[in-house]
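Both of the next two complexes hold subunit A, though its partner changes from subunit B to subunit C.
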Partner chain A sequence: MFKVRYVIKKIGFLFITLFSVLTFNFFLFRILPGDPLRLIARAGNLSSDSIARLNELFGLNQPKWMQYLIYLKNLATGQFGTSITFRRPVIEILQERLLNTAILLTLATIIVVAIGVGAGAIAATRRGSRLDNVFVVTSMVCWSLPTFWAGLILIILLGVSLSFFPIAGISTPGMIYFSSWDRIMDFARHLVLPTITLIIVDMAQFFMITRSALVDVLTTDYIHTAKAKGLSKNRILWKHAFPNALLPIVTATAVYVSLLIGGAIQVETVFSFPGMGKLMYDAVLRRDYPILEASFFIFAVFTILANFISDVIYMIIDPRVKNV
Partner chain B sequence: MNEKNINEKNNTSTSLILGRFKNETWVQQMWADPLGKAGIIILVAVILISIIGPIVFPFDSKAGDSVEGVFRPPSSVHWLGTDDMGRDIFRATLTGAQVSLFVGLTASAISIIVGAIVGLLSGYYFGFGSNLSMRVTDFFFVLPVLPLIIVLASIFGQNIYITILVIGLTSWPSTARIVRSQVLSIREYKFIERIKSLGATDFRIIFAHILPNVMPLIYSNTVLVIAGAILAEATLAFLGLGDPVRVSWGTMLHYAFVSGAAGRQAWWYLLPPGIGIVLVVLSFTLTGHTLDKILNPRLRDY
Partner chain C sequence: MFSNSKLLFDKLLVLCLIFTIVICGCSQGAQSQTIDKETLRIGWTSEPDTLNPLTTISTEALQVLGLVYEPLLAYGTNLETIYKLAESYTYSDDGLVVTYKLRSGVKWHDGEPFTSEDVVSTYNLIKDTGIGQYYQYMEFLEDVSGPDDLTVVMTFSEPQAFNMAQAVLILPKHIWGEMTAEEIEMFSNDAPIGTGAFTFSEWRQGSTVTLKRFDDYYGEPAGPGQIIFVLYGNEDVMAQALKGNEIDIITEVSPLVWEGLQNTENIKAVSLPSFSFHHIGINVCGDETSLGNPFLKDKAVRQALSYALDREQLVNIALAGHGSPGASIIPAGMMEWQYIPDEQMDADLDKANELLDEAGYMDTNEDGIREKNGVPLVFRIMAIESTTVDVRAVQLFRDSAKKAGIKLELSTVDENTLAGVVYNVDAPDWDLFVWGWDSDYPDPGYLLGVPLTSQIGNNNDVFYSNPEYDALYSQQSTEVDRAKRKIVTDEMQKIFYEDAPYLVMWYQDKLQAYRTDTWTGWEETPGGIIYNVTYENYKNVQPIQ
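Our next item is the complex of A and B:
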């Protein structure tokens, strides 16, 4: 019963947060910088005729609260406006880009979690050893790397010098594919360098959290009891210690998702990878505000949903929640 | 009992918490830790270089006068080669250190002050205002950081002070959360109740009695926030949202990227500013983690 109430409360917060993001976005792009017309038309000196026409076209002659309601209605029906540079509806462009980013980030996350948690477990069970020290120092160095710079260095090392992997885009220009398998393999080859860059920079966080959580758990009395009972090391680690260490790892999702999205923007920029991140970068350079607004909105919704899911998972795996 | 006596009483209770460090100062403990030592050494070296470097090797931001002078590899004249405008990369890197450190330090100062105040107040008081400020904190905590600062920087303009404000005002929620959870437990201590019964004002309790006990947490968090702020500045500048009239490591890498330095194999253009960022961020990270281990001894017993 408690769990149901908990989930209902969390869903309530989810909607409040989403609504706050919408409102925040509205204020940010329509009210704060002053004249939205200048942003839309990107020109300083418009004739009074065209100003009146544009005002009518974009509904700017309406009162602010009316504009807000129209804005909510448009978003609810999936209308993000028209891109200034692409001259196409933003929603179409988003649809094309989302899938590429989703593939890149899913792939990177699976490997990051596997390596981070695995290395964290190895380091925690051998804490103080040379291997542990090497892992800790390496992860701190990797954490200190700016993602975009790591990508640029990988381009020089693996892309240009050795020509192992393509360094830009998601398909080889002018390539004729004999089968869809060829097409997939070409896409996969283009994914290698961006994914490696994300892994190098982002795995440190999972490593550090897993390690410190396991170190905390492994020094508790019940683990000593398990050892005294003569259980195998692996059994103690995965069956007894890990479930409790999982809680801080799940909590860290919030920071990780934010980090991952930041990484996607940088990596996609460096490797000209046509995803959401590159879209945002190009929108910044060309001051394409409808695109900028929509991509910020998508990223925010994504992090908020990830947080919600991590809260719910936390509740499911935390045995203490039952007793409250 | 007068106010002075109360204060002394409280100092003993404060030092109960910090008491275990009486014999060894934290600087000594820091120096004894290999990672902490490495962090301090790199940090001091970088700060000295950023102060002295630009005086000894002043940077000339004017573009070179011939096409031949562009993208030259390291030589005896230009120790680290030249950039896409024929300027000396060694001197630019030295100047860039100042901007990166300046933005990192000032932005994190803003972030820590806002975060600490929000954390202290929302942890000490109960009620609507406290709940609301925590909701606001949570809201900013779940927003993705880089997209947020990109949007703010592109709306408010490209200027070093705007960069500082944007980074400072978006990175405080983590500090606020950490401080708040600590305040929640400290306010339950007996000595707080006693001081309150002696008639101390809320302001005095918060800033004279609770704050000193939260400081250790704030110290280590500050150092880690600086690392994050320097990375954020570099990323923002790399994405073309840096201050165009100032040379920072991020803007250097931006021009390196847009002029195709990676494809041209111009490693001398990419390595110096990048290594600068990594060294500074790493030194703050090492120092911060060691400080955290010393001042907040939860992880100490392994």
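Our next item is the complex of A and C:
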């Protein structure tokens, strides 16, 4: 009963947060100096008729508050409008990019969390030993590497010198596919280097969080008691220590996933990966409001959902969370 | 301390993962056997905005569209005029009527027959809606008609120096004929149907654009059976891809990347003259609402700035030598159209100081900066942060200007912000900026037309207004005789150069590269082998077996 109220309250906050984020996003981009048509006019030598017509079609000549209301109405009815740059429905443009980013995101998150948490557990149980020190130093070094640099080094080592993996895009240009399996394998091979890059630079967060959380737990009295009771080391680690270290890991995962859906822009640029990051970066430069608004709407929803889910998981695994 | 069985299991898991990845990679090393040798692979770092020829502004889109669609006439590999949909044309005695005889038996990619109605429909559509980059050439077009299926007659009120028939892509009437202006603006043209040597196959957004050879083409069958344009996120990786035989040719790269391609096996790096320049624009807006520094309206100050600029130094340092010092707004690539001033206002600090002394700008308080009526010569200059060559150039200019007693304050912004500030017609609040222009065609008309009074609010980024210049422009645009036209264009360039609202810094070279072991037949055309006004190179190359 109490937990249901907790959930409903959380959902209420969720909608308020979403609404504020959407409003903020709308004004954020319109405040930027410049506009979508000025550069188009310069490059394409547009007639004044054409400019007037475009202003009309994209609602750019309306007062800001009017544009805001139209924006809210469109969002509510699920219309994301037409891109000013691409002249096609925003949904079409987002679909494929979102899919690519989602695949990279899922793959990277699973492996990053698995490796980070696994290594963190190993290091925590052997804290102070040489292995622990090696792990800590390695992960610190990896974390400090600039993402684009790590990507370029991987390209040179594994993509050019050794030619193990392709260095750009999501498909090999000119390749003949004899079956869908060929196509899937080609895509998979193109995912390897971007994923490894993300693993290298992002794994450290989970490693450090797991390690420090576990170290905290492993030095508590009740663990000493469990040891004194004669329970096996594995049972102590996995049944008693680990669940208490889970909370920060869950939070870290939620945060990581929300950041990554924004598109790992550096990885996308280095590997020419057609994801959300590059799309949004270009859209900001061009002031393509429909794309920006739609993308940020998706991020907002996704981030809020990720946080909501982690709140719910907290509620399930942490008996201390009662009605708030 | 703790037992290792569970931890050992974790380690083994990680090892397995790595092992799988490595095996996965190694097993695909022999991919080249499944690459189609008849596919021409081209690398670029930016992709088309849309495939609608009337709404696109991107160079990449035009590269694709110029292969799918065709104009009546086009440019060959030496920029000579060649015949496409027209097989001949004649001018009337007064130069006002042009009659085109069309090729017979031409088919659209969807099988429909091509006739004069398609030409008439295309020109009228553009003229009536005013949409797109071709509209600027239609000011004097009175009428377009098709007396029979294979003849088109265009009537002008003034003779035309630039023949737009070399530019306007012909669209099928059965698709575009009934569209309204609003429909065209929103039309994404996902499956372009043209008459060109290549048909459109697919566009995977953010990834590749694919074209296929058109088997029913009226002309010589193209060399490539398929063309794929591949998008790269950055040019370093694109250069690597070229070296790794992932692509056959690249559209354009910056100097440092290009130098990395020199002396590489099986790769030829070429440097060609371009139709572009980079310039420093000076706010010469005459309105009292202008917030630009009023000292810049004094020609002596502008000319002094020009003398203070060492263009050779800029080319050597900012461009790493890959360009030539600039003067007139007609670039070196346009060859005989370029006016070369007798006296170059360039790299002469003594002259700069002399001009400023004579005009009464003196450094009375010994702080290194000249003043007049107590106001110092301090100007704001903006550059686009992602155009690193421009930023570097301004840093060098700032140092030279200091030696003439002028202080420059640099700020870097993104291009959109720059456009917003510069093109503010109501109250332009800026002094100097660094930008550039490219000409779509090797004809001087477009670039000469930028600083017209009528272009204020449109292309005219410095608010220059000179009635004498405007009159000469109208004269040259209707002068068909090349020699007579050159006299007028030279005069225009001279006037503009001496007024110095632009300080043209350089004409950059077009730097490209291609593999020598996959395709043969690339001709080095001024302006570029590809990514240029000529599309013949795409068609003429043959695969090396």
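In the analysis below, the second predicted complex is superposed on the first by the 271 of 324 C-alpha atoms of A that agree within 3 Å, B and C clash if a C-alpha of one lies under 4 Å from a C-alpha of the other, contacts with A are read in each partner's own complex, and residues count from 1 in each chain.
Here is the rule we use: a residue touches a chain if its C-beta (ideal position, glycine included) is under 8 Å from a C-beta of that chain, and two chains touch if they have at least 3 such contacts.
Quantities reported herein were computed from a predicted structural model and do not represent experimental measurements.
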Between subunit B and subunit C, pick out the one touching the greater number of residues of subunit A. C
One more residue to check, A:F29. First (subunit B), second (subunit C), both or neither? first
Could you say whether A:L145 touches subunit B, subunit C, both of them, or neither, answering first, second, both or neither? first
For A:K278, select first, second, both or neither according to whether it touches subunit B, subunit C, the two together, or no partner. second
Just to be sure I read the superposition right, which of the two partners does A:R287 touch: subunit B = first, subunit C = second, or both, or neither? both
Give one of first, second, both or neither to describe whether A:I153 is in contact with subunit B, with subunit C, with both, or with none. first
Output check: A:G262 vs subunit B and subunit C. Expected answer is one of first, second, both, neither. What do you get? first
Name the contact category of A:V270: first (subunit B only), second (subunit C only), both, or neither. both
Examine A:N55 and indicate which partner it touches, taking first as subunit B and second as subunit C; both and neither are also allowed. neither
Residues of subunit A that sit at the subunit B interface in one complex and at the subunit C interface in the other, please. 32-33, 152, 155, 159-160, 167, 269-270, 285, 287
Which of the residues in subunit A end up touching subunit C in this complex? 32-35, 38-50, 53-54, 57, 82, 85-88, 93, 96-97, 100, 111, 115, 118, 121-122, 125-126, 152, 155, 158-160, 163-176, 178, 185, 188-189, 192, 196, 232-234, 236-238, 268-275, 278-279, 285-287
Per the touch rule, the subunit A residues reaching subunit B in their complex are 16-17, 20-21, 28-29, 32-33, 127-128, 136-137, 140-141, 143-149, 152-153, 155-156, 159-161, 167, 212, 215-216, 219, 254-255, 257-258, 261-262, 265-266, 269-270, 280-281, 284-285, 287, 292-293, 295-296, 299-300, 302-304, 307
In the complex, subunit B residues that touch subunit A: 35, 135, 138-139, 141-148, 150-152, 154-156, 174, 227, 231, 234-235, 238-241, 253, 256-257, 261-263, 265, 267, 270, 274, 277-278, 281-282, 285-286, 289, 298-299, 301-302
Interface residues, subunit C side, partner subunit A - complex: 1-3, 5-7, 10-11, 13-14, 17, 21-22, 24-26, 28-29, 31, 34-36, 39, 41, 49-50, 52, 55-58, 129-133, 135-136, 181-182, 185-188, 190, 204-208, 226, 228, 230-234, 236-238, 240-241, 243-244, 246-247, 414-421, 423, 446, 457-459, 461
